[in-house]
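For reference, the structure is listed below as structure tokens.
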Amino acid sequence: MSDDAHAPHSLFRRRLMQGLVALPAAAMLPRAAWAASPATAAVNTTGLAVTDDTVTVGILHSITGTMAISETGSVEAEKLAIAQINESGGVLGRQIKIIQEDGASDWPNFAEKAKKLLASDHCAAVFGCWTSASRKAVLPVFEQYNGMLYYPTFYEGLEQSKNVIYTGQEATQQILAGLDWVNRTKGSKSFYLLGSDYIWPRTSNKIARKHIEAHLTGCKVVGEDYFPLGHTQFNSVINKIKLTKPDVIYAIIVGGSNVAFYKQLNAAGIDLSKQTLLTISVTEDEIVGIGGKNIAGAFACMKYFESLKNPNNEKFVPAFQKMWGANTVIGDVTQAAYLGPWLWKLTAEKAGSFDIDKIVAASPGIEFKGAPEGYVRIHENHHLWSKTRVGKALVNGQYEVVYETSDLVQPNPFPKGYQ
Amino acid sequence: MLAGYSLGELGSIMAMQGFAGLILFSVFVLMALGLAVIFGQMGVINMAHGEFMILGAYVTFLTSKLFTTYLPQAFGVYFFVAVVLAFIVAGALGMLVEWALIRRLYKRPLDTLLATWGLSLILQQVYRSIFGAREVGVDQPDWMMGAMNITNSIQIPINGLIVMVLTTFIAIGVYLLIFRMGWGKQVRAVMANRAMAGAVGIDTERVDRITFGLGCGIAGIAGSAFTMIGSTSPTAGQLYIVDTFLIVVFGGAASLAGTIASAFAISQARSTLEFFLSGSMAQVIVLLAVIAILMIRPQGLFVLKVRR
Amino acid sequence: MQTSTDYLLAVEGLTVSFDGFRAVDDLSFYLDRNEIRVIIGPNGAGKTTVLDLICGRTRATAGSVNFKGHELTKMREHEIVRAGVGRKFQTPSIYEDLTVFENLEISYPRGRSVFGALGFKRDAAVRERVEQIARDIFLADHLDQLAEYLSHGQKQWLEIGMLLIQDPALLMLDEPVAGMSVSERKKTAELLHRVIQDRSVLVIEHDMGFVEEIAHKVTVLYQGRVLSEGSVARVKADPKVVEVYLGH
Amino acid sequence: MTFLTRKDMLWFVVLALVLLIVFPLGLETFRLNLFGKYLTYGFVVLGLVLCWGDAGILSLGQGVFFGLGGYCMAMFLKLEASTPAATKIQSTPGIPDFMDWNQLTALPAFWQPFHSLAFSLVAVVAVPTLLAFGIGLAMFTRRVGGTYFAIITQAFAAILTILIIGQQGYTGGVNGMTDLRTLLGWDIRTDHAKMILYFVNAVLLLGAALLSHVVRRSKLGRILVAMRDKEDRVRFSGYNVAHFKIFVFCFAAALAGVGGAMFTLQVGFMSPSFVGIVPSIELVIYCAVGGRTSLLGVIYGTVLVCAARAAFSEAMPQLWLFAMGSLFILVVVAFPTGLAGVYRTYLDPRLDRLLPWLGRGRAPTTATVERPMHAAAME
């Protein structure tokens, strides 16, 4: 699946398009005409749900159950992207039709619905899953039925599948730059690691600990604690933090626990303008529940913040809020979910086909210049090259970007020395 | 882990840790009081108890929005209005549910469990349809946030204090109502012998309905208080339900004192263990200990027979 | 003076207190083989509690209950039953969801362990015994009927039948004729006369006519203690008894 | 004593036809696989019929036993999938991937026996049964019952979930054990394999239903019902009530374990989402919808509710929760005897009139006197 094999082809296509656009006569044609919907038999040789003017994709997220809190934003972003793509002429001249399924926050149910989307509905691509557990549950299904999954969440890494494009960050992309930054700018030496008790926080903290102990000179971890998902009482651990006085609280708490944690942190008199707190799990979405006042001053390490200043984002945010309400906020995962349909469209057009194997082959090297986070590119390991940014939480629930890596950070799902 | 700290530091931490235990204790009592009334006095297993709490939280959310829009100058006191509203709304819904559902099931306590589980699914979806699947943020007035500095090194959370005060008031209220004003006697009479209670002039239906409403209303107040320390989302109520039931069962269902004693024991154990162990292990150990004790002394803790 | 082991049942110093209230207080009495003893006493005298203590339903605070050399206060309920003590409850206690046949069959003293019950065969001996008992308790025509649909009197009979099928050495009956119609009562008296042959019986009963008919001896309980004991005539003449019980 | 009445026989054959012929012919492969998954819950609800319907012991922790059975199977499959060749990119090849991620460098001792299929198959039944025995011994000899038992089993479900998620190095954590591939070299992921597994599952389920029927038809079955009605009377008829409760609780747990193992085989992974409180309650509800005292009713009920859920949630997920919630309430309040009750009240009498020969299977003597739920016993 190296990029080179297809380079001549795509170069040819690009030249051809430039040539066509340059022709005055071509400019008069309706847009769809030059995208020239190729014959269905040509773009679909494996029995996907593609007709002469439509192509069917699946959206698979939890819209009921506990995970609906987090996954709603992803559904909204994917629907926005698809609507925009359809407006601009669709993919290979075909309008995208959506079949939406509810994972219902239940992993076996995700597998069941994934199977339905692939085996029964023959979706050309599926945008979905949020938790690692749901992705792990559907992965064998996608491999067996040879489907294509665009997965939006930042996650622990340690995985790479031919049938998945990971549009969120794997752990090292999100962790290392943030730790370096806090060590460099704040001179922080001691870290207290916190997390919800499941694989993503534990793996992320493991990577963070290795980095702190092996790569940041003179730095140490002074405490590490995990809480069951849904835990709501943090006063004891807050006392422990007070006792150990770490320079940085490194918090990877998820879901409803977040709200409890920050409210209780604030109430315990820990002032985040004095005590450095770095999180990789609180996006703008979570701040709505936590309340800006409770978390103002905390730092988050993400690749995207709603407040990013760039032309793409300045179009994306109003479009999103026009579609889903002026008060809707956009978090890191929501933006990553928005990338999925676009990346798939670009890949299909580069491959000139919806066939899964051709999409897989064409994926490495796909560039999306219109991403709200800025330019991204698909790596050969199916993750994205993207920048890492640090934001400071403000009272109004937004993040102010205080740092941004100068280059794209390479995705490294199996980081040597961190395992 | 306590090596290398000065006595003063340790003293402050101990004080704050003791206070953390007290806050957890208040939270547990508040969670369990409503259920103690419903399960303890009436023998009904209300699996939708958590959803009634979240109803209180949503009422508080709406009240805060109303105050921000129409009475911003009085925002500082909106919380007290919200508590009262939460009690009324959750209590009213509770009475409605009793009338429509629970009264048909008094002879089948295990079936109330299933029916109220169905109710909890419906309520969750109602919240989701009205307020959206995401969490809502409930703003607090500034005076309710942050900590009170007792000394330089001892800080006491203000919201914890408010929960404690609220819990004390409600516990006293329930105590007076159930044990001092004869209401409890009527409830117990109805439970012991419905026909006889009716014959001696007790309006049994009214007693049932008001008792259930009262329990749900208290759940509403608990939900309102929890907006200060926890999350408000359609499914947040589920987080509380196992803990709440265990506290009530551990205490011995009928006695208010038992509920309070069990909340105290569980909260202190959990808060202490969490300080020395990780949160997950602390929770497992406490749950196992509670079950073990229940096995050793069921007769001492189960003081009340469920209505059959 | 006989030693306690000569009696079928020797109750000595039996005491039980609930939260400090002594429902049965230092109670002693002795029951001979083939004796029919009736316990009477005003409400709350502790009559039912005495039966509960003997059959193990309530644990004694102090004292002993000796039955054929077994110390019942240390045994579990089912062991007491297997030792030969049968007990009928005040309200008919039968299995309403099962048929009369099945009610009797469950009481048949065989296959009482889990795997014994699993391998239990309804053979000719079982059927014969069930049918025989059913005739005794006037229910031979009702074997296939659900117990739920029996009349109150028939339910009482069925419960008595469930005891008889175990052929207990000591039969304890708690108000066997309470709440019956006149004709039912007559039949029940007839039934009891038959079943109390060849065994010792401990009966709680209020109905003095019935008591006089069957009792060999009467024990009067008052506030958990023995107030008086002896033949019906003697007890009826006892001024203490007249005062607290018969006279009101 | 006839073991099956003619009517029992008829309905049992009908179920066998539905499971073995109608479903396989009428459903596409992937739907059939889904139905296979639903049928694994059938094992749990059969156990609930005896435990809850007959003996009146409501356990809200059946998911625990289902999960344990599933995990035992998954451990074997995971070991088979974790050959040194397949895991050579790990720091320690030859151990399951999640152990490697959690810095385990050797297979824990309690995993070792799961290299053996025979041991694993025994464990599928034995582990849930032993846990049930322990819980039952502690609870029932202390006479904890009714609502208290229900709440305590629920607490067990909570504890086990926290433990499995917390000890992820040994259990795979919240993700569970995923990426299971072969059973003794036979690829369980192909459509063909799934078809075969479906039939194995269906036959096992029919066998489990027959076994449950045998237990219910024995005197033990009648003692369970008697215990539900009048526990004291049973005790004072010379039975050790606790032993019977322990037995039926263990029986239900063993069945649930088999169901869990079949679930793992057909779905290809096992995760703690099955051990928790919510699925345990849902299983009870399936049982209630089918009719808690009818072995065949609960199987139909389970398949029906699961299929309805899939259909509804494909169309309108919001509506589904309302529908499910209302269904629970409706069944509990208006039809406590569930589908089987509806059958008994409306269909059975007509059937008797239409097909009188069916009734003849029941001899009029006391020998085959049946329980009130006799019609339900196998319908």
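What to note about this one:
Here the chain labels run A, B, C and D in written order, and each chain numbers its own residues starting at 1.
Basically, contacts are C-beta pairs under 8 Å (C-beta built on N, C-alpha and C of every residue); 3 or more make two chains touch, one makes a residue touch a chain.
Computed from a prediction, not measured in an experiment: that's the story for all the values here.
Central chain (C-alpha centroid nearest the global protein C-alpha centroid): D. Among the remaining chains, A is positioned farthest from chain C, on the basis of C-alpha centroids. The distance from the centre of chain C to the centre of chain D, with each centre set as the mean of the Cα atoms, comes to 43 Å. Separating the CA-averaged centres of chain A and chain D is a span of 38 Å.
Here the CA centre of chain B is 48 Å from the CA centre of chain C. For the pair chain B and chain D, the distance between mean C-alpha positions equals 34 Å. With touch defined as above, residues shared between interfaces to two or more other chains in chain B number as follows: 124-125, 128, 238, 278, 280, 283. Residues of chain A in contact with two or more other chains: 63-64, 197, 226, 228.
Listed for chain D are residues 162, 165-166, 318, 321, each touching two or more other chains. Interfaces, counted as pairs of touching chains, are A-B, A-D, B-D, C-D. Per the touch definition, chain A reaches chain B in the complex via residues 63-66, 68-69, 71-73, 197, 225-228, 230-233, 235-240, 242-243, 255-260, 263-264, 266-269, 285-294, 397.
Remark: chain C residues 55, 57, 76-78, 81-82, 86-87, 89, 93-99, 101-103, 105-107, 109, 111-114, 117-122, 127, 130-131, 143-144, 146, 159, 162, 166 touch chain D in the complex.
Contacts from chain D toward chain A in the complex involve residues 28-31, 33-34, 37, 89, 91, 97-98, 100-103, 162, 165-166, 168, 173-176, 178-180, 189-190, 267-269, 271, 273-274, 310, 313-314, 317-318, 320-321. Residues 5, 9, 13, 16-17, 19-20, 23-24, 27, 124-125, 128, 132-140, 142, 145-147, 149, 155, 157-160, 226, 228-236, 238-240, 270-272, 274-275, 278-280, 283 of chain B are the ones that touch chain A when the two sit in their complex. Interface of chain B with chain D (complex): residues 39, 43, 45, 47, 101, 104-105, 108-111, 113-115, 117-122, 124-125, 128-129, 238, 242, 245-246, 249, 278, 280-281, 283-284, 287-288, 290-291, 294-296, 298, 302, 306.
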